[in-house]
């Protein structure tokens, strides 16, 4: 449901900066269903790539072979992201707060972390410069927290409009228990849409801050047959492709 | 004789930043005779090019087709020239002074020029950053002047060593009446070698400043048969190639 | 044209651009403001423009009077080494016009050969207009070749011969003869104006322009 | 290793790098100094290094605590617009080690596929060591493809399979299984050390290393 819900948010023709995992699945599902002209950019440098299977890393060969072009990583960040050419950037993290600020750096203090996470990667500048940011994360009280241990990338933080960030910040958080959108006045995320069969109480319980509910609370449609069929076929192709053993030139 | 004299100055394996005209002829002559591993870089972006005929512009197609690689012009200037990867840069100009400072910008005042020349192009940074600069110019009192109307690029100017220039400046001026080299103490160019049949007086008369003569004044060897043969063959191939009419897709 | 931002203005391999000289020396047909740089500086200015940075920096303008004449050449101090580096303002043209070899129906543009600063000038532009030798149904995956993706391109026009008198790699060579002829055509105002009237103002489109020059360009 | 300059340290598509975690969290096998950035900043740091500029700049480090933790993240003020831009020191590795597809006898190196910041990291290096899948007599003219010219390369070594467990475009695919296995191997110090002793310290060269892993990598 998360993948389908995220895919539905993408409009045809948009330019999307994609990470591995659920964002990659959602973007490719959208491309294979309602948004055939979606442009997928992976930070490794592939522009307009059309993989037939989901990559396990941003460096997978098929991303290059099916791309409109492959450019150096510095150009992706300077001439595309920083230049404001990305419509939608996908982000996830270990922690999120109610303003959509994200932590993918450390749990615990920075100098003596309890858990050292992988770090920012492209997230800090994606959060700043993509026109819109879509956040995709499973909701638990441990990850949807009142206060981040570290702010890796910015959501609707105080002073965003004067900060030099080009983009408008996170537009949506797609979770496994519903969809959150920010209130225009405060930038604070509130429950915007439910999934069929998951009540608002379950969503509220999964979030570590008091989750408000937007007045126009919707319920998402169940995944349609074409959506499910496209997603299952994509996953089946992916599983088959990744079962092929690697042959080294020995 | 100028072309042959300039070609002889190039050592095999050097990386040379080449302009159109005599420098291009000299570099290709060197490559076809004693320096087969000379690496020619034209500022348009061709690295290690091996044209069979002399180009009439730095954008000629054969430069790309025979190059080790073709890279963007900004990379040529930043990652090769500025980074100190160029052994020899060739320059010419409308005016030169005794320190090897060059003018290719204006004759007369900058704001109200008598003659507006094409301008710096790559010259300013070639003069600063190439390890050595070879200047190639026909000598006349109008071009070898006491004072430049405008300094486009720097030779052995006062303060060069503290200026941020990476290179050691002009090492030689190849003229049509002899070869000039700088005195180590002053950076002032003096007559270093004569051509067969051209006396020092003729060289002195062609230069607009009192031209000193270095103690170890040499006389260049006449062009050898292989040198002349290679040069004439190169020129013949070039003339033939450039006689072919251009066919537009009409 | 009111102002020219440039680093070299000549007829490559031939000599001066007489019309540029006349404009700067004699203000004909009107005064021309000059914003003069070096190639290395223009390169970082385009690159800064493409990255939407406000300026570019280089180890440049050393041993030259250019920085004295152009107040737009300034400097920054390195926050680590305290070195001074030369700066130039980013160049962000309102419109960049390029000629390329191929485009596809979606507007992706492929450039082969010597690319100069074409990619940077394209991505620095507010609007990007591209003329091409051929339009194909779909470009093959380009791998590491130079492509301007369709969402960076404002409009594509099919214009064979659009690089003339320069060349289009893989299509036709540089018309070196014409560069020599241009020296004669452009030397005097009268002859230049007559040529423009006849071949540019007097033709309906680029095809007619090229046809009018066949065999008697000078 | 004493210090790590980085922007992301994970097992792509799998999770944490347990050995990195252990070093940072528990100083095992020794303390590791951290110089942490974002991808965009590392990109300009390598590019500055390749151009031998002392720093790179970006519109970056906005809305993040990173700049508070890393004193090497600073800023410059634009001399035209007075905007503040984030800066990072240039990265100029003493040695850069790359794996590429092909080299020729003269040492020219051709890279195909996803190049990342390989070219910038190569040209920023004091010494550049390249391992390749194949060595050919002479590379064909590359046109716009990525080539490191021989005079930028310190040494080339023929090392087929040198990208493993990652892939070499056109030669072999990424060994995704091994990335999953690595999560298990590297999770505990004992198992990790045993693996390193057996497969890395216990083999004579890269071929023997790969052979020792055939069929029983975990």
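By written order: A, B, C and D. Residues from 1 in each chain.
The rule we apply is simple: a contact is a pair of C-beta atoms (placed from the backbone, for glycine too) under 8 Å apart; a residue touches a chain by one contact, two chains touch by 3 or more.
Just so it is clear, the model here is predicted, and its values are computed rather than measured.
The interface holding more C-beta pairs in contact, when A-C is weighed against B-C, is B-C. With centres taken as mean Cα positions, subunit D sits 40 Å from subunit B. Centroid to centroid, with C-alpha atoms defining each point, subunit A and subunit B lie 55 Å apart. Here the spacing of subunit B and subunit C, counted between their Cα centres, is 25 Å. Within subunit B, the positions touching two or more other chains are listed as 64, 70, 78, 82. The multi-chain contact residues of subunit C, meaning those touching 2 or more other chains, are 52-53, 58-59, 83, 113, 115, 143-146. Taken as a graph of touching chains, this assembly fits none of the simple shapes: it is neither a line, a ring, a star nor a complete graph.
Applying the touch criterion to all chain pairs gives A-C, A-D, B-C, B-D, C-D.
Against subunit B, in their complex, subunit C makes its touches with residues 6-10, 12-13, 16-17, 20-21, 24-25, 36-40, 43-44, 46-47, 58-66, 69, 83-84, 113-117, 119-120, 133, 160-161, 164, 166-167, 169, 171-177, 179, 207, 210-211, 214.
Of all residues in subunit A, only 15, 37, 39, 47-48, 64-71, 78-79, 82-85 touch subunit C in the complex they form. Those residues of subunit C that touch subunit D in the complex are listed here as 52-55, 57-59, 72, 74-81, 83, 85, 87, 89, 112-113, 115, 143-146. Per the touch definition, subunit D reaches subunit B in the complex via residues 50-53, 106, 108, 123, 139, 141-147, 149, 151-152.
For subunit B in complex with subunit C, the touching residues are 20-21, 43-46, 56-61, 63-64, 70, 72-74, 77-78, 81-82, 101, 105, 110, 113-125, 127-129, 150-155, 157, 160, 163-166, 242, 244-250.
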